[in-house]
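Going by the order they are written in, the chains are A, B, C and D; count residues from 1 in each one.
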Amino acid sequence: MTDTRSFPTPDAWLPHRVSYGETDAMGRVYYGEYLHLFERARGLFIREYGMSYAEVERRGLLLPVREAQCRYRKPLGYDDLAYIRVGISQWKRASIIFVYEIYDETKTDIIATGMTEHACVDPSGKPQRIPEWFRSIF
Amino acid sequence: MTDTRSFPTPDAWLPHRVSYGETDAMGRVYYGEYLHLFERARGLFIREYGMSYAEVERRGLLLPVREAQCRYRKPLGYDDLAYIRVGISQWKRASIIFVYEIYDETKTDIIATGMTEHACVDPSGKPQRIPEWFRSIF
Amino acid sequence: MTDTRSFPTPDAWLPHRVSYGETDAMGRVYYGEYLHLFERARGLFIREYGMSYAEVERRGLLLPVREAQCRYRKPLGYDDLAYIRVGISQWKRASIIFVYEIYDETKTDIIATGMTEHACVDPSGKPQRIPEWFRSIF
Amino acid sequence: MTDTRSFPTPDAWLPHRVSYGETDAMGRVYYGEYLHLFERARGLFIREYGMSYAEVERRGLLLPVREAQCRYRKPLGYDDLAYIRVGISQWKRASIIFVYEIYDETKTDIIATGMTEHACVDPSGKPQRIPEWFRSIF
């Protein structure tokens, strides 16, 4: 995942300014906050390619997280500007894997990398195949 | 609210150990986290007097927050043990006011005081009078 | 605070897209999250007028929150776009009061209003008068 | 990690009541909150074996997270009681791996499993070998 040439396309980039509420007593962004950043980038990504995740849910597709992983490489501090890059690395039959890279404000240093796997379920929670209308937007 | 002799009865006390995730770069509990502590104490209070807030909602009574206020008097640090005291200071026709005091581990120093006012609504969001079954549990 | 004509100047507006992580089981932004939004708007406000709050701290001025208050008027849901307006309503000898209004995406409906009072302290925590260099940036 | 017979010893169990602030619009605990639960369990674990993590830091050992991973198996809802089990699965030269299992209130169903890897650094951020005094407390 450190080889950025292999990052999947299409992708999206979310700029994010670190707030005080995201930091902890070590003076850095708390490790759990990175999953919020991943989610914000994911939401932007889906929106940029045609619809909001709110609309995806209204159409009957829910994407609860099945697994999340993050590798913390360099710290992020208060007021730092970061960029979160997101893409889809794998379409499985009934799940999707998103990958992420968080960069510093120059977009050269990698702060963190990670992934989330999402199940595709209907509103009752039953697994469903990825609908074609969803896949085709990317 | 600083005169603890006037704190309403009944009340409840929630012990709480401060985690890293609640602190910020100043090394103290972030100011927004106090509203989480108030909510935790509120939930314990209702549960101690007979039912969980989850059960209250199942019976058709929702209590969305209409107003919240907190006065920060002394800082709370990582790993500190705090006690959150909660009671009901006022029953209005269609709303309730909870009050809070947060103490240090000796229960002598006041860390913070605050209040939350909650509307009484039905599941559709329409205001309703406070049901007698709810009031009578306290 | 509902009379927006009386909102202090200068002011700043922060656009904010609601994420899943900010919502709760009622399907709305959790009440504690509003204090995060206030802080984000405050940071933007200071930055727009000449320096980041990180720089303010480096110059020896810390502004811990002494009091916070929020009035919740209308709910904010997932994926909603909100605007947080912020200004300074009062300069006291050794404290400052910021006020806030949160609007929906049309900037016509008020979602919430609030205030935070901040003590002016030096890095050791001792109260200090508001430095002229800070006041003059607004 | 699903084979609980192989969970490392010693271990510790943290009971945790889910608050509203931890849930999201899907009505379940938000995925980023699990890392807070892991941290709370980790803090309890260290405290039970002799000292608080705050004391560990005062002695010059910091344990920033280098990697975190969580597998979400079943949802946790508002007001649910969960148990977070924690242990140390591996002592490396200059890092430690903690593992976690989150159970429902009967301690039979596994809600989630996960791990965190922590670097051992001194207060300046320089890697250090795990001190013997730390290792010996477990």
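One rule holds for everything that comes next: contacts are C-beta pairs under 8 Å (C-beta built on N, C-alpha and C of every residue); 3 or more make two chains touch, one makes a residue touch a chain.
As the structure is a prediction and not an experimental result, all values here were calculated from the model.
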item: Chain of greatest Cα-centre distance to chain D; value: C
item: Result of counting contacting C-beta pairs for C-D and A-C, higher pair; value: A-C
item: Interchain centroid distance [CA atoms averaged], chain B/chain C, Å; value: 23
item: Gap in Å, rounded to a whole number, between the CA centres of chain C and chain A; value: 27
item: Geometric centre distance via CA averages, chain D-chain C, whole Å; value: 34
item: Junction residues of chain A - those touching two or more other chains; value: 20-21, 26, 28, 32, 35-36, 39, 77-78
item: Sites on chain D touched by chain C in the complex; value: 20-21, 23-28, 30, 32, 77-78
item: Residues of chain C that touch chain A when the two form their complex; value: 17, 19-21, 35-36, 39-40, 43-44, 52-54, 77-79
item: Contact footprint of chain A on chain D as seen in their complex; value: 26, 28, 31-36, 39, 62, 64-72, 75, 116
